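Two complexes, one shared chain (chain A), two partners (chain B, chain C).
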Partner chain A sequence: MSLESLAITNRVPQKTLSLSRPAKITLLLSLFVALTIFAFMTVDVKGNWDFVIPFRGTKIAAMALVGYAIAVSTVLFQTITNNRILTPSVMGFDAMYVLIQTALVFLLGTQRMMALSPQLRFVIEVVLMVSFAALLYRWLFGGPRRSLHLLVLCGLIFGVLFRSLASFMQRIIDPNEFAVLQDMLFASFNSFDRDLLVVSVVLVFAASAVAWRIRHTFDVLTLGRETAISLGVDYRRVVSIILAVIAILVSVSTALVGPVTFFGLLVANMAYQLTDTYKHRWNLPCAAALSLLFLIGGQMVVERVFSFNTSLSIIVEFLGGLMFIILLVRGVASR
Partner chain B sequence: MKQLALAAAAVIVLAVISLFIGVSDVTPQSLLSPSPDDRAVQVLLISRIPRTLALVISGSAMAVTGMIMQILARNRFVEPSTAGTVEAASMGILVVTVLAPGASVFGKMLVASAFALAGTALFLRILQQIPLRSVLVVPLVGLMLGGVINAITTFFAYRLDLLQSLNAWMTGNFSGILRGRYELLWISFALMVVAYIAADRFTVAGMGQDFTTNLGMNYRRVMTLGLIIVSMVTAVVVVTVGMIPFLGLVVPNLVRLIFGDNLRRTVPWIALSGAGFVLACDIIGRVVRYPYEIPIGVVVGVIGSALFLYLLLRRNAYVA
Partner chain C sequence: MIDVKGVTKAYDQKIVVNNVCLQLPVGGVTSIIGPNGAGKSTLLSMISRLLPMDAGTVTVDGLDVTKTPSDVLARRLSILRQDNHLGSRLTVRDLVTFGRYPYSKGRPTAEDMEHVRKALDYLNLEDLADRFLDELSGGQRQRAFVAMVLCQDTDYVLLDEPLNNLDLKHAVAMMKLLRRTADQLGKTVVLVLHDINFASCYSDYIVAMKHGQVAYQGTPEEIMRPEIMRHLYEVDVTVQNVNGQHIALYYA
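So, the complex of A and B:
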């Protein structure tokens, strides 16, 4: 993949295109994404296409959905919190989703949970997630202004609290029920829940449509709360809507592949670096493209180079943690 | 002094309760009757007393360690699990398990200590690089560093099929403590005594390098002593019972809210409250789902993180 991409970069005639820099980058990235998808579908195909296409196709669809959800939720979250090191997963969003899943089994029992169809269960979880996330984060971010570092630290600790609570409940419930729950929780890029794919697509589309309708406020929100209000943005309403959109996107990605703490941070910050602009019309697609590129490309590396003997999330965790420390050391966080 | 005695009495009560909780029937009657039940005595000697001792020692040692780290890093939100120390120690255990599977527990402990020391030193190095150091950046960097070290460890554990053992080190659990499996913890007890004797030096070192040197003390030596104590205690506890999150952070900070900063005066309080806190959490973990157990790491994770959030978000918190 990397060789191909290098070759492509050299061939693109830079002068004949009179596009702006961010536009060029977004275009290039989308080209790479298309190439990676093509490579993923065709590399090492032995045997029956009737099997390969649906099998790899659903895998790609899931990864694309997750990549898009993570990238968009992270960029939007950084817009409303006005900084570049907060991400939904650093703030404990995905831990919260796992806690909600566990709490439902804990309170209702598996019997009643299994009676519901997986799709309906998922929708219930998402609704709960949106309401709790809105409550908690409205409380944290509304009210008196708190320092950024305090927020990040609180988010991390909330994550620990949610995870510990979830594992507390998991220890209390019946071992049989736990086995069922573990099936629901244990998701990864290799074993995502195919039942949920269609519902997820619908949810992501709905959330994106809502976000699309208020897209013109994103750039204004970047200017900060006071400026945004004085420029006529209905701040409370818009931020609540965006929080809900983020909660839905995070639920989808966590339900499909489980928590990936640092991935969003990685792609969002790379997108900012590459586009070098504050405009969301470039940042959002660019981050999404990077996200897809890394997920699909990374999955290929994991499958071919490490022959499944590692997990993509471990690599992401390593790189993301390093990046986070570098951002802190370079003082980006104090802005 | 009187209050301290009261606190000690409370810890002793908790310890006695802890002795008599469990599936096997051990009651004061069965022990004190003229013809004591042999089985009950054995359970008491082999399982219950070691477990209670382990709880008391590791609780107080981890709490005191947290305090020392907070003074040396000059930051109230640092402790072994927010500075990469615990993760480094467990990486050390993984390395020993892979390279020298036959190593004794003591050998494992030494290697884990060396790794913990290196991890903590790296953490302090990174801290020096940060230009504008706000109080809260420090634990953030520590948590991230821990995450990075953990990712490396998980990478190799995953490839070598050791993930399950790794999880055992990362979640504190006292249920496996028997006679012959906890004695290593006495090392951390000894280190705690050393820390108490050196308490005044740490208090001075906490005022900064220039101030310490001005008073005629060797700053580097005090720092090294502190780091060695921290790393060894962490390694011992991780090797024998696993990680107990936030203990070293919550206990010293709560004690500090009441008694202030003089280490000589607060160390006994911190040790006692650490022991009491761990005993209480372990009792909760054993009672909630009787006759099964919930590992203490999980119970402390819930209570500890809630208390930590309280410390951060309470009104008039000095960090806000």
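So, the complex of A and C:
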């Protein structure tokens, strides 16, 4: 028997067993996420488990929800915009959500706002957010492709406009009302809004279900608007649905922990690098797993190593911002 | 039949396609020729519903392209655009498999994969099937995109400058292939060509555009005339009969 035939017979059983590269990566990342969650739950427990488990559990649930929302919204946003530099936050999505929160207090007054339960208030905000985002961003992304420079500029202007409008309203409302509003806006990874957890889970689940039904269009959308249309995608409809899904996910993450600008960029691009495929069946879970890994692992580091002296958002934003600069410089160099 | 009625498109007051009326019969190869900026690509994009029109209607077998569901049209009409660039990394096989999306909705069956294999075979791409598109030459990439379009297996195949980037051998092979697609599979092939001699030798019908309008249309014999060519391209052209084909000479 020749060496070659030996080599071939050797390879066959391996081939049937081995998973594709993206599958392996996804599996590995999920394993890491499971380990991190286990570590987060069990490390350094002093005292009563009955207190620790629900306390840390809700914290993990919030971070997982936020991590998932940021990762999925970023990947889908990059799919419909056909680029890997823009994110919902770069385009002003979360600034829009803050503006809606502020405008509601401004227009209705805290009295009426406080009469509503936080959950109901949140749902109203999300509905407004979905309508406005669908209107504004469909105009921007639903038609023929626009230049990336124009989009970045638009995003910058939207962001600044929404933020300044919000802070203008915050300045002219009654100081008492402002205190209430500030409490609403003051969400962070260390002090997330526990009231909204359950309704957030429901919203994220609903958004995911909607996205799941049109999942077969995601890969085709990466080919660009024209090719997607010529292959039979109902482009305007699909893009509107995806924008609505993104609006819900961004509202949830902003309501729970506040605006996070660059983190989505980091996990989405790491996922693309790792999986090296255009397929969303791998990119989406991979980005979500990375996101959970960074947030939960990062929170652990913040709590144990820095003893809360630094905030997780500073760390993840620093890394994400670094990624943004690298991508920009690389994009400019390759053009 | 593709029926174009009074189609108009303007960009900022500048009319680039001006009230075009055109009927493209079923079957055969129709070439659209004309100078740069004549509006050929714009017209093709509107026929294939990629670009909204400012006025007029286009119907394909009686279906209004702006009102028919996109996925119904995708099984009847396919289009290759003039410039195709991709954001993500795909292999040739991935790209060609996307041509089956109108049927498979992302889950190709064995039958779909058979179509993919045939399309790769038609365009001589088997050896390149698992290479990434961004690692190919312009001509190889062009052939991959044509394979995707053919894989869509539609009655109407629209191609905007399919000979872009192709060397002589592949250009001839491409034209022969399109001719065969029309003759043997009964498809209607409409293509934009820059080389008027390819248009002359391989098409049944030629549509000549200038300044956003259809300036001339007819058989190659009717269109390949010195005065028409001079009017279209503003250069002196002589037309000679070589082995029964009308060949334009314009280098002198």
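Annotations
In this text, the second predicted complex is superposed on the first by the 310 of 335 C-alpha atoms of A that agree within 3 Å, B and C clash if a C-alpha of one lies under 4 Å from a C-alpha of the other, contacts with A are read in each partner's own complex, and residues count from 1 in each chain.
Throughout what follows, a contact is a pair of C-beta atoms (placed from the backbone, for glycine too) under 8 Å apart; a residue touches a chain by one contact, two chains touch by 3 or more.
This is a predicted model, so every value here is computed, not measured.
Partners chain B and chain C fit side by side in the overlay (superposition on chain A).
A count of residues in chain A touched by chain B and by chain C gives the higher number to B.
By the touch criterion stated above, A:Phe38 is placed in contact with neither chain B nor chain C. Shared-chain residue A:Asn83: touches chain C; no touch with chain B. Applying the stated contact rule after C-alpha superposition, one finds that A:Phe205 touches neither chain B nor chain C. In the superposition on chain A, A:Phe51 contacts neither chain B nor chain C. Put simply, chain B and chain C get as close as 9 Å, counting only Cα atoms, in the superposed view. 144 are the residues of chain A that lie in the contact sets of both chain B and chain C, per the superposition on chain A. Contacts from chain A toward chain C in the complex involve residues 82-84, 144, 215-217, 219-220, 222-227, 229-235, 276-278.
Chain C contributes residues 45, 48-51, 69-75, 78-79, 81, 84-90, 94, 98-99, 101-102, 105-107, 152 to its touches with chain A in the complex. Touching chain B in their complex are the following residues of chain A: 144, 146-147, 149-150, 152-154, 156-158, 160-161, 163-165, 167-168, 171-172, 261-262, 309-311, 314-315, 317-318, 321-322, 324-325, 328-329, 331, 333-334. On the chain B side of its complex with chain A, the touching residues are 77, 126, 129-132, 134-137, 139-141, 143-145, 147-148, 150-152, 154-155, 158-159, 245-246, 288-289, 292, 294-295, 298-299, 301-302, 305-306, 308-309, 312-313, 319-320.
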